[in-house]
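Pasting the structures in now, so scroll down.
Shared chain: subunit A. Partners: subunit B in the first complex, subunit C in the second.
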Partner chain A sequence: MKDVNVKTKSEAASPKLNNSITKILINNLVPIIFCIFCVAGMYYANISTKFLINSIIERMARNSFLVLSLIIPVIAGMGLNFGIVMGAMAGQIALVAITYWDIQGLGGFLLAAVISVPIAVLFGWLTGLVMNRAKGNEMITGMILGFFANGLYQLLFLFVLGGIIPMKNERMMLSSGIGIRNSIDLKGIKYAFDNLIKIKAGGLVIPVFTLIVVALLCIFMKFFLKTKLGQEFRSIGQDIHIAQISGINVDKTRILAIIISTVLAAWGQLIFLQNIGTLNTYGSHGQVGTFAVASLLIGGASVTKATIGQGLLGTFLFHMLFIISPLAGKSLLGDPQVGEYFRVFVAYGIIGVTLGVHAWQQQRQAMEKLKE
Partner chain B sequence: MDNRLKEFVENIGYARIIIGLFLIVLLVSAFLLKLPMSNLFEGILVRTGMNGILVLAMVPSIQSGTGLNFGLPIGIICGLIGTIISIEMNLVNWNAFIVSLIIGSLLGAISGYLYGILLNKVKGQEMLVGTYAAFSIVSGMCMFWLLAPFYSPKMIWPYGGKGLRVTISLENVFDKILNNWVPFGMSLDKFPFRILGVNIPIGLLLFFGIFCFIFWIFSRSKTGITMHAAGSNPKFAESSGINVDKARIIGTVLSTMLGAIGIIVYAQSYGFLQLYTAPQFMAFPAVASILIGGASIKTASIMHVIIGTFLFQSLLVVALPVANVVLEGSLSEVVRIIISNGIILYALTRIGGGEEH
Partner chain C sequence: MARVILDMKNIDKEYFGNKVLKGVDITVHEGEIHALVGENGAGKSTLMNVLFGMPVIHNTGGFKGEVIFEGEKVNVSSPNQAMELGIGMVHQEFMLLPGFSIMENIKLNREPTYHNLISRIFGEKMKSLDIKTMRSDSRKALDKLGIDIDEMLPVAGLPVGYMQFIEIAREIDKTNIKLLVFDEPTAVLSEIEAERLLKAIKELADSGIAILFITHRLDEVISIADNITVLRDGEVVGRLPSEEATVEKLAQLMVGRKVDRVKKEEKNIQRNNNGDKILRIKNLKVDMPGEEVKGLSLDVYEGEILGIGGLAGHGKIGIANGIIGLYSSQGEVYLKDKKIPLNSPKEALSMGLAFLSEDRRGVGLLLDESIELNMAVTALQVQNKFLRKMPLLTFMNLLDRKAIREFAQRMIKELDIRCTGPDQLVRRLSGGNQQKVCIARALALEPKILFVSEPTRGIDIGAKKIVLDLLLTLNREMGMTIIMTSSELGELRSICDRIAIIYRGKLEGILPPDASDVDYGLMMAGGYKGKEVS
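The block that comes next holds the complex of A and B.
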C-alpha cells in the first residue's frame, strides 16, 4: 500500500488516474487480498475445476441468504448483527416441529418457513429491546445474547421437550424420552427447495430455484431500501441524533431492522439446512453468526457500510477459501488439519481486524472533533 | 423499613442475592437428597482456588479502564506455552511448576504489552475487539500446536498423528502439586486441614491468597493508584498529568500475566493441559464470576473476585450432582451457560443506559 502511495506522489503528471486506481485498490483491499489467497490456494490444491465449480455453486446457494440478512442492521447503524444466531434457532425450532408432525416435501418446507416467522419476530423484537439498552455496544451485546439464547435453546430441547411438553417420537427423542437427539435426519425436506428447478448439465448441478430466490431477495432489498422505512434506516445509520430530531422513532425503527434481519436469518437457515439434510440440533446454529459476518467482511463491507454486492462477493470468496484451504494445507504441509485451522483463523482474524480498524477510525475521528 | 430493605438489597446487588438464594436452595436440596456434603464442600474449595487467579486477572484490566478482559485467552496461551516448554525440558514437580510460571508470565508480559498497545488504539470497543483478537489468536495457535517442534513423548501422539495432543496429562509433571501441598510438613488428613470430613486444599488457597495479597499491595503503590485513577476518570487523569495510555498498558500486562499464571494453577489442579480450541471460551466464566461478585465494567476489587469465584464455582459444584439426581442429562452445563452469559448481558445493558444519559 505504501508503494502505491509513493508512486502517486512522484507521478504528479497524471494524478487523477493514479488517484482513482489507488482509491479502488484501497477501497477493495480486503477482497483483493482474499482473491490472491484463493488463486494461490487453487494453484497448490490441485483441485478439479468441475468439483470446485459444483461446490461453490452449492455453497453460494445455501449461504447467500444468511449473509444478506446482515445488511439491514449495518445500514441502520447497528453494526454486524451477531444476533442472527437467534434467527437460525427460530428456523430450527420450526424444522423440529414439522419433522415431528412428519410433514414432508415442499409443503413441509413452506410450513416451516411460515412457522419460523412469528418465532423469529419475537426473538428479533427481544434482541432489539436489549440492543436499544446497550447503544454503542450492539455487536458484543448481540454476540453474548446469542450465547445466552443458546443456553435457553438447549434448555428447551434437552429438558422441556419430553420433560414438560409431552412429545413422543422414537426417531427424534433421546432414549430416556426427554430431550431431542443430537442429530435429526431431515430427509423429508432434503432438497425440497433446491430440487424445484434444478439443472444438471455436463456434470454440473445447479439449484436454479434457490438461486432465483436469492436473486429475488437482492431485488427486494434494493427496492426496500428506497422506501420510506429504508430511508429511515439510512438516516439513523448516518446520525442517530439528527434522525431523532427529524422525528424518526429511533428505538422502534432499530427494533424493526433487527426483526427483519432475524426473520431473514431464519429463512436463510432453513435454506441452508434443506441443502445439508441433517439438523445438528445443538451445533447447526453455533457458527452461523461468525461465518456470515466473516463472509460479509471479506466482501469488503465494514461495520458501517455493506452492500448486496459485497455480501455476494464475500460469500463467494469465503467459501472458495473454505473449499480450497484444507486441500492446499494438505499439499503444502502434508496435513489437511492445518488448512482447516487456517480457515477458522481467517474467519475470526478478518472479523477482529475489521472491528479493530473501525474502532481505531472512530477514535481518530473523535480526537479530530475534539481538536476542532 | 421498606427503604432500608431496598438499600440493603441494592448494596449487595440483585445478582448476588439471586445467585446466593439459588445456591442455598441447591445446598438444601443436596442435603435432602442425602448427597455427600463433605465432598461438595471440598469441591467448592478446590474449584474456587483453581479458578481464582483467572478471575483476579479481570481486576487490573477493569481498574485500568479497559473493561472486562475478553482477551484473557491470550494470557492463557502464554501459560500453556510455558508449561509445554518446561515439559519439553523434562522438568518435574516444583521445578516444572516454577519454570512454567516464570516462562508463562514472561511471555504474558510481552504479549500483554502488545495487546495493551492494540487496546489503546481501539478505545471504547476493547471488549469486542478483545474477544475477536483472542478468538483469532486461539485458532492461529491451533496451527502452532500442530506444527511446533516439540518431541517429548509425554506430549505428542503415541503413534502416528501429528503435533501435540489435544489434552496432555500432567501426571508425573506437576499434577495436584499445589492441591497436595501442606505447610510445615503437617498432614492433610488431620486437623486443622481436615474439618468435619472436609479436606481443605490449603496450598491451593494459600497460593491464590498470596496473589490477592500481592495485588492488594500493588494497588496501594503509586503505580497502582495511578492506574486506578486513569481507569476511573481518564479525562481528569489526563489533565492532572497521568499518562493514561501507559496506565492502561500496565493494567493489560498485569491481567495477561495473571491469565498465564492462572491457567497453570488451573491445570495443576485439573491434571490436564488443554490445547487447541479449549482456551477460546475460558474468558467467559472468569468474566461472569467477577460480575457475580458484584463488579461492574468500571469497578472491581479483590473482594469481588473472592465472593464471585466462590459463588459461581459453588453453583457449578452443587448444581451438577443435584441435577443428576433430579434430572438426567447435562442440566448444570446449560445452567452455567445461561447464568454466565445472562450476567454478562446484564452488565452490558447497564453501561449502555449510563452512557446515554
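The block that comes next holds the complex of A and C.
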C-alpha cells in the first residue's frame, strides 16, 4: 500500500509542463478572460491613470464588503446568496431612521450599523427558513425572495411611513405627507467612515479606514472558517447527508450562514451608501445582489467554491470594467448611451458567461474522471 | 467467559403487518467477533436499525423485545444515543467528505477545540479548532490500524481500500467505543485489501472491542468469526461457533427454503433450451453506481425464462439497465445477428426489447397520468403506434385516443387490472396493479425479449403470485423470451428455466432451478470461481 502512495506523489511532482499550463489556464479561465477585456478596454478608453486609480480605490473600498458577504453561504453549500438584497434593505431602513432622527456624523453611522443588525437577523432568519424548504434551489429562491421583499419594502416606505406611522419631515416625505421621497440626501453621514483616516497625496484620495475595515473582515473570515462553526459550514457544503449523520444540525447551521451573510450585507450597504452620499430610496438595493454576485464570479469563484482572494480580485476586475466600458464604448462608437448599455450588458453578461464556463469546466472534469 | 456487551432478546419487528424479525436473539461478548449472515431481506439491516434506534424503526411502530447493553436494559431512540453508549458503525457506503483531509474526516463533528477571545463572548461554536490534537489523534487511530498514510491528504482520489480504513479509524477514535458493527466491509475491497482489513478487525477484537460483522462472504466468516448467527426470513436458523461451520453448511442454512414450483405440470412442455440463441452478451460493462457490471458474457435462448440472481451490489440489476441503455455501458450485445447499439434506449426499444424497471414508481411509470396513457406512451414514442396520421403535417400526428382506449380496455380485462377505468391515475393503483400497467406497456411494444427487474418488489404476497403467473403465461403462451432479475431466489426458482448467478459483476455460473441450496449459496458467495454447473 505504501507503493501506491509513493507512486501518486511522484506522478504529481513531475507532470508534463504543457499540461499543467493548460490546466491552470482552464481552471482560471474566467478571471483571465476579464483581465483581457480590462486591458483591451483600457487601451481604447484613453483615460488618465490617476483617474483610473482613484476610481478603482474608491470602488474597491465601497463594494468589497458586500461581495465578501456572499462567501459564507457558498462555503455552506447554499450557492450565491441573491438574498443579500434583503440585507441591503435592512441597512437602508436603518439609514432612513437615523436621517429622520437627524443623528449625524460617525455616531449616526454607527447607530445605523447597530439598528440594522436586528432587522437583518430577522430577514436572514426568514430567508433561511424558506431556503431550508427549497434545498438545492437556494439561488433562485433567494432571488425571488428579493423581489418579494422589494414589494414589502415599497409598501413600508410608500404607505406605512406617514400613512400609519406618523412621520413629519418635509425634506424626506413626499408632498402628500405619506411615503418617503424618491431620493434622500445623506449629507449627515456622507464619508463618515471614509474620512476617519483618509490620505490625500499626489492627487490620490485613499479612504484608509474603510480599507482597514475590509481587511479586518477578511481576517475575521479566515479566523471564522477555522472555528467549530466554520468547520460545520464546510462539512454541510460538502455533503448535507453525511453532515447530518455525523450529528450536525444542518437546518440550524444553514440558517446561521444566511443570517451572517445578511447582516454583513446590511453593513456593506451602509459602507456603500456613506460613500455615495444619497439614498435612492427605491433603487439603491435593486442591483446589490446581481453586482456582488457578478463580482465574485469574475474573481473565479463558482456556485460551490469561493475564497476571499477571489472576492477581492473579482471586485477589482468588475469595477475596472465598470469604469472603463462606458468610456471605451464612447470612444469606439462615439455615443455615451452605448456606454450605459455596456454597463448593464457587462453585469448580466458576466453572470451568464461565468455560470456557463463553470458548467463547462465541471463537465470537463467529469469527463476526465471517466477517462481515468 | 468474557463479559457480555450486547444482548438482544426476542426481537420482533413488523412493517405494516409484514413480520421482518421473528424472535431474534443475539449475544456478543467482549473481544468477540460475531458474524451475522443472511441473504438480502433476511432481516440483518432491520436488526441493525433496531440496535441503532434509527428513525425508520420508530416511525413504523417500534419493535418488541429487549436490548441489553453492558448489563443494562437500554432503549436506544436515536443513532446519536447509540454513539453515546459506545456503539459504532462502519458503513457499507462511505460516509466521508471528499474535499476534507483524512484528519478532518476522522474528527468530523467531534473536533477538539480551544477557547479564543470571541468564543468567550459568543459561546462554544466559535471556539477555534485544535488542529494539532486533531492531527495527533488521527495519527494514533491510523497507527492502531497499521495504516501508513499522511493524515493531511484529502480523501478525494484515495483508493477505496484506504477509505474503508479511514471510516474505521473514525470509529476507533471515539474513546468509549465498545461495540463496532461492520456492514459488509469487504464488499468493495480487493482481496488483498480485504485481508488487511480482516487482520485489522482481529486486532481490534483482541484489544477488547466487541465486533458484529455482517457479510455475504462465507469463507471470510469462517476464517475470522468466533461465532456465527444465520438469519433467514427474519428468523435465527442457525447459531454455531466457527469451528463447526463449513461454507456448505452456512450456504444451506442461508438459502434453504421450500421451493414452490408454479404450475409444475406445464414444465413438462418441451423446452427449447437447445433452440436458437436470441441474445448474445459479450463482455458487457455497465457503470451503474452500486450495481456495476464488469465484463459479463451470457447467452440467452429463444423462448426461455432466464433468471438473473445474486446478492445486492454484485451487478445483477445493472445488466438489464445497461442493455436497455439507461446507464452508460460498453461491450457487445447481439439480438440474433444484429448488434444492439448500447447507450440508446430508443434504439434498444425499437429493436424489440422491452424493460420493466426495478424502479417502478421512478423510471417505470408516469404516476400522474392515466392508465391508458401509461400503457401507450412507449409504443407511441418508439414505434409511432396509436397515432392518427395527418395529411402532409407528418410531424404533427395526433393521438389516436380511440385505439389507445381499446388497447387499454383489452389489457385491463386480460391482465385483470383492478381500477375504476382506463382514465384513472396510476398513482392511485396498488403496487401489483401498477406492475400490471408496466407489463401492459411492455406488451404494447410486442417485444421479442422482455427484461423484468425485481417484478415483485414492494408488492404484497397475493399479487406477487399473480404477477409471476402472468410472466409465465406470456412466456408459455405467447412465446416471449423473458429475462428476469430478482433478489428473491425463491421467486426465480419458481418460474425460471435457467438461473444465472452474478458475482462481482461477472457470471459466476448457471444453475437449473432445482439445483441444491448448497450450490446456490456457494455460487452467490463466489465459491465456484467460474465453474459451470448444469
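What we mean here is this: the second predicted complex is superposed on the first by the 337 of 372 C-alpha atoms of A that agree within 3 Å, B and C clash if a C-alpha of one lies under 4 Å from a C-alpha of the other, contacts with A are read in each partner's own complex, and residues count from 1 in each chain.
Just so it is clear, a residue touches a chain if its C-beta (ideal position, glycine included) is under 8 Å from a C-beta of that chain, and two chains touch if they have at least 3 such contacts.
These numbers were taken from a predicted model, which means no experiment stands behind them.
S.K.: Is the number of subunit A residues in contact higher for subunit B or for subunit C?
M.R.: B
S.K.: Taking the superposition on A as described, I'd like to know which of subunit B and subunit C A:Phe148 touches: first, second, both or neither.
M.R.: first
S.K.: Which partner does A:Thr278 contact after superposing on A: first (subunit B), second (subunit C), both, neither?
M.R.: Touch status of A:Thr278: no partner.
S.K.: Applying the touch criterion given at the start, work out whether A:Asn27 contacts subunit B, subunit C, both or neither, answering first, second, both or neither.
M.R.: So A:Asn27 meets neither subunit B nor subunit C here.
S.K.: Could you look at A:Asn46 and tell me whether it touches subunit B, subunit C, both or neither (first, second, both, neither)?
M.R.: In the superposed model, A:Asn46 contacts neither subunit B nor subunit C.
S.K.: For A:Gly356, decide between first (touching subunit B), second (touching subunit C), both and neither.
M.R.: Touch status of A:Gly356: first partner only.
S.K.: Should A:Asn19 be classified as contacting the first partner (subunit B), the second (subunit C), both, or neither?
M.R.: After superposition on chain A, A:Asn19 lies in contact with neither partner.
S.K.: Subunit A residues touched by both subunit B and subunit C?
M.R.: Common to the two interfaces on subunit A: nothing.
S.K.: Where on subunit A does subunit C make contact in their complex?
M.R.: 1-2, 4-5, 8, 223-224, 226-229, 231-232, 234-235, 238-239, 242-243, 245-248
S.K.: Touching subunit A in the complex: which residues of subunit B?
M.R.: Contacts found on subunit B: 118, 121-125, 127-129, 131-133, 135-136, 138-140, 142-143, 146-147, 162-163, 284, 327-331, 334-335, 337-338, 341-342, 344-345, 348-349, 351-353, 355-356.
S.K.: Can you tell me which positions in subunit C touch subunit A when the two form their complex?
M.R.: Touching subunit A: residues 79-80, 83, 95-100, 104, 108-109, 111, 113, 116, 118-119, 124-129, 131, 147-150, 157, 159, 161-162, 196 of subunit C.
S.K.: Considering only the defined contacts, which subunit A positions touch subunit B in the complex?
M.R.: Interface residues on the subunit A side: 130, 133-137, 139-141, 143-145, 147-148, 150-152, 154-155, 158-159, 163, 174, 176, 178-179, 333, 335, 337-338, 341-342, 344-345, 347-349, 351-352, 355-356, 358-360, 362-363.
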